[in-house]
Amino acid sequence: MAVRTFIEAIREGMADEMRRDPSVVVLGEDVGRKGGVFLATDGLWAEFGDERVIDTPLTESQIIGTSVGAALNGLRPIAEIQFADFIFPAFNQIVSEAARMRYRTAGGAAVPMVIRAPYGGGVHGALYHSQSVEAFFTHVPGIKTVIPATPYDAKGLLRSAIRDDDPVLFLEHKKLYRSVRGEVPDGEYTVPLGQAVVRRPGRRLTVVAYGLMVHYALEAAERVAAEGIDCEVVDLRTLRPLDRATLLASVRKTGKCLVAYEDNKFGGYGAEIAAIVAEEAFDYLDGPVSRIAGPDTPAMPYNLALEEWFMLSPGKIADAIRKLAAY
Amino acid sequence: MTVTGRDSGWASGGGGSRGSLAAPHGLADADLLAMYRIMALARALDERMWVLNRSGRAPFVISGQGHEGAQVGIAWPLRRDHDWVAPFYRSIATCLVVGMTPRDLMLAQFARASDPGSGGRQMPGHYGHPAHHVVSVSSPVATQILHATGIALAARIRGLDQVAMAIMGEGSSNQGDVHEALNFAAIHRLPFVFVVENNGYAISVPAERELSVRDVAQRAAGYGIPGVVVDGTDVLACYAASREAVARARRGDGPSLIEAKVTRLTGHSSDDQQTKYRSASDLAEGRTRDPLPIFRAQLRDAGVLDEITELELDGEIAVAVDDATAFAEAEPDPDPATGTDHVFADPLAGEAPPPWHPSRAREAG
Amino acid sequence: MAVRTFIEAIREGMADEMRRDPSVVVLGEDVGRKGGVFLATDGLWAEFGDERVIDTPLTESQIIGTSVGAALNGLRPIAEIQFADFIFPAFNQIVSEAARMRYRTAGGAAVPMVIRAPYGGGVHGALYHSQSVEAFFTHVPGIKTVIPATPYDAKGLLRSAIRDDDPVLFLEHKKLYRSVRGEVPDGEYTVPLGQAVVRRPGRRLTVVAYGLMVHYALEAAERVAAEGIDCEVVDLRTLRPLDRATLLASVRKTGKCLVAYEDNKFGGYGAEIAAIVAEEAFDYLDGPVSRIAGPDTPAMPYNLALEEWFMLSPGKIADAIRKLAAY
Amino acid sequence: MTVTGRDSGWASGGGGSRGSLAAPHGLADADLLAMYRIMALARALDERMWVLNRSGRAPFVISGQGHEGAQVGIAWPLRRDHDWVAPFYRSIATCLVVGMTPRDLMLAQFARASDPGSGGRQMPGHYGHPAHHVVSVSSPVATQILHATGIALAARIRGLDQVAMAIMGEGSSNQGDVHEALNFAAIHRLPFVFVVENNGYAISVPAERELSVRDVAQRAAGYGIPGVVVDGTDVLACYAASREAVARARRGDGPSLIEAKVTRLTGHSSDDQQTKYRSASDLAEGRTRDPLPIFRAQLRDAGVLDEITELELDGEIAVAVDDATAFAEAEPDPDPATGTDHVFADPLAGEAPPPWHPSRAREAG
């Protein structure tokens, strides 16, 4: 086992799959010689050349639309959107085309492709370099959404995503890129899509999280553990298709559920989790399904004071845990 | 930008002597007849769709009438089941050229389970055929141009020697995706041909309110690619322009743009009343530009088509249309129980079915 | 009072506001001479001319982006998106620009504009002429979303939307256009944004709906009333900002809540309603917050058998009511 | 497409005698000095921002260095506080020309509450100023071109005689919005000027991989509008091209496109290391195209700028930069309690605040 940062794990995941399967190509803005603005694709261009690592023009709809076509004709493109915030010009190509090709052809055509995008805040990125965009896409049937929290999962899930026969949106919290390290097996391994994991077992209350929030939730759980509140932390990993079994088993056990997400609260992905829990674990609940999330203002302001105000933190999650636990 | 067509004097050769029409294009008379046959077949199928609509058997029709000459001429140089085409909702004749059958098209019209494009899921006119490399048509216009560039990119990377063609109307060519696609295809000199069937209207909006230049082909220069205007009533001019563009693409010399000036003989669709926004004289002028009688007269003049052949063809087409209609109408509807199929490759990855179909319970697991 | 169809009420709402305020203009595809593909703008071009009723090219991003600019410079544009399904090419302009202009300028700039779009299924429109798109936009802070259910509300809410100083997405269920008639006052009136209404009082169970589903819910309520199940039907009318008070008052009274929406279930707007109810009315609930919605397949197939399978109906809602009432 | 600049021989007049530089352009020497002053001021402010960045006082800087000549020349013909400009993140000099002050720019750099563009909410470089008709810069590139066309449309409808200008880099000009905007503006002959500052790179991607033609101006013909290439080191050529485009727009003769060839003297931003993807010779060549010394030499040659004036200017600028820095740095940060302000006009329409700010409870009602 080697210790890797989150971004190294992603880079290796791509490189390994490109070595294994010549149909895997990478395209996006600055992914070539520069190796991406976060260096996620660093070294790929040197190893695989112009044909398989393609610097595109500054045109997101093209990046996705071209990938759809390339996938129809036998490639497995990994399209990088430089920041998740810039995925919106490609919204039509993702939602109307990529996510719908298999369904509208009744299985006649498929678009195996991965869309990688760095998302999330707390990095001094302001309104347009901080957003969480998962809610827009997890609502869309036909595309899968994955958000890893650890280097191990990042690599293993990315490999599964690349091998998957359907479009997968792979969101990487940019604050994890260099701040998190972890063990990554040397050999080949994958982490299957669609499986959540219990990161911390507990009996009193379930915290559901994904991405950076898994780490904050674990930290919050440590803090309140000292006060005798024993939390279970579920890392969803794949947001869609959702692992209902793991989610519901945890809440049925603890009887209380807090969903933590960084995105704006209203209509965020956590609303669906809360709604499922409220409907399917009703008889087990001994407290309201609660959510702690970003405020309902358009994204994250730049000024540090405002950014801190906006961002969730272990402290804010711990407060929400205490409140729910006391219910 | 080049302008070709009958008026430009070179495309369809000189006199009326047997064979003089086909030969300059490297075609045989049999090819011309085959081209004519598909035009006439496309028209007959299209007219039948309207009859079905007006008699309440088909809720929606969208038509290629007036576009068939351009469609047949332009699709003809494609290698069947090898090259790719990303067509649009008027592409009936295009689809026939590349191998779809009248039954295929009528199955789409009736939205039957055996519709090869979508299993009855898509609106009529949204054709598709994986085996014939016809990319599934979607409703949001212009998206297909990017799919075609991606197909061309994959062909290049995989060394497949394929050409990809994307087709749409002039109104649709103003969408941002077109700009992004032409720029990308030109940078990478992809084996790609962009075809615009300009019928002068985007539903009710006349060209001068939807398009800032007279010819879409004028835009080609802005991408450093050839752009050519062809008269869509001149089938052989269309063929010649496409043959050159396809050859150029296959040679590795990059994309080109072909704009065919066509006429829309029907309303935008069966939901549209074009008399509300088109003058009688405009409509009358449009009818003079019907490619079918024009090509027929050309073939007759050249001695390629005689009365007997024409009658035989008409008969054969009538049979084919009747057969396709009867066959498709009799085919079964999709089973509602299949409604959740093909969301993902792995049905187990799908979402829970709606509560009113408990029989098909599939948990996300 | 005159009796008007739903679409007549919308047309009159625009015409009245255009007469009242010269800064109101209409733009979109085919809105001029043709009067729109549904004839919602029929007659406006004849009355107000080329300058105020603008047939645009077939370019949705332009329609919205131009409206943002026009609003910055003193107009109040009403932008028509021909079908809600075709709003996605304009997603970036709506989400990144229109909805964020006021916030990112700290109040320095504003974009008063209305985006009208026909949405919804059951009209043989297939995958791309049937969609419900509200979930994508109700998640976005900075834009309001309105979905009227009656001619009275359609006109009154549209007038409020046009006068509102912020962007408003105004979604019109196309199946209501000609199938629903109702009284519309002759004089000037408005229906304020942000206020839900109880369409049918009841004690046993609350059904929350909007748009076409209000009518289906009322019909379902009639059916089950015969069986002794007394439902309250809440018509949200404005989806965002949400009238929490009316919603929660109803559920706190009945103790049971069913949310009915036509869109795909997972991550749909109803998830947020369910989550709010689950969190804020927990102590009052005597049954799980339930949702009845479209299946999680990409939009609505064309074939009639499949369309009927997809669409909600009064019968399906009645079944869901019975199930929840029996809890 | 026209190409102008010093090389084309007409733009900057002939000899070195006093006034001969300004007069052919209808300018006075004082104008030239004012133009130079803004270029030098923009540069000094920009350099200060990097100093602040490198010393840890400003987490992010994005620069206009190398673009100032084009920016000043092109913005100069705009009527202050009347015409509109929709700039981009390199538009420091543009913003100064139309009326923003060094303090305004530094307030944005420090993201203070009194930042006139965003109250500290946006990243540095995302300028805006309602009173000076500077449209708020957003990060997704190219969206502003449509805002400018909408502003121009409103100006026309409201009879305001305003011109709207949108500015961006050549990489951004490949976005779909640009196609849709130019088409729309050209159809309606809107009073609109589209400016592209072509510095040969979109972050690391060189022009030949992001742009299918050598000159963005080649695209103008595809919309039926004039397109002109100017040398961005030739301030007066930029001025002349813009004066013509602005006048044309104001006359009602429609939009035009101006492409200025500029050089990017810094990395893309403070987060970028351009040595990784640019060769030493490329970087050295770029430095020879710095518009500031070129214009300075031109003014000196023409006798417009003498040593004393230059020293005075330098001193004045240094004071202004120090003042702006000190002033902005000392201004207060926004109060987190204002975080939910300005979501909607009516605060009561806003959403519930996050639970950790119970003091600002606002119910949707």
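Going by the order they are written in, the chains are A, B, C and D; count residues from 1 in each one.
The criterion applied here is as follows: contacts are C-beta pairs under 8 Å (C-beta built on N, C-alpha and C of every residue); 3 or more make two chains touch, one makes a residue touch a chain.
Just so it is clear, the structure is predicted and the values come from calculations on it, not from any experiment.
By count of C-beta pairs in contact, C-D exceeds the other of the chain pairs B-C and C-D.
Among the other chains, the CA centroid farthest from that of subunit B is the one of D.
Centres computed as Cα averages put subunit B at a distance of 36 Å from subunit C. If you average the Cα atoms of subunit A and of subunit B, the two centres end up 40 Å apart. A straight line joining the Cα centres of subunit B and subunit D is 45 Å long.
Looking at subunit B, one finds that residues 118, 120-122, 126, 138-140, 174-177, 180, 183-184, 187, 209-211, 343, 350-352 touch two or more other chains. In subunit A, the positions touching at least two other chains are 56-57, 59, 61, 85, 88-89, 92, 96, 100, 103-104, 127-128, 141-142, 240, 242, 266, 296-298.
Listed in rising order, the residues of subunit D touching subunit C in the complex are 84, 86, 115-122, 126, 128-130, 135-136, 138-140, 143, 145-158, 160, 162, 164, 176-177, 180-181, 183-184, 187, 341-346, 349-352, 363-365. Residues 29-30, 32-35, 37, 55-59, 61, 85-86, 88-89, 124-129, 265-266, 292-298, 301-306, 308-310, 316, 319-320 of subunit A touch subunit D in their complex. Looking at the complex, you find that subunit C touches subunit D at residues 23, 25, 51-52, 56-57, 59, 61-62, 64-75, 77, 89, 92-93, 96-97, 100-110, 141-142, 144, 164-166, 193-194, 241-245. Note for the complex: subunit B touches subunit C at residues 59-60, 111-112, 118, 120-124, 126, 138-141, 171-172, 174-177, 202-205, 209-211, 271-272, 276-277, 333-336, 339-340, 343, 350-357. By the touch rule above, subunit C contacts subunit A in their complex via residues 85, 88-89, 91-92, 95-96, 99-100, 103-104, 127-128, 135-136, 138-142, 240, 242, 264, 266-272, 274-275, 277-280, 282-283, 285, 287-291, 296-299.
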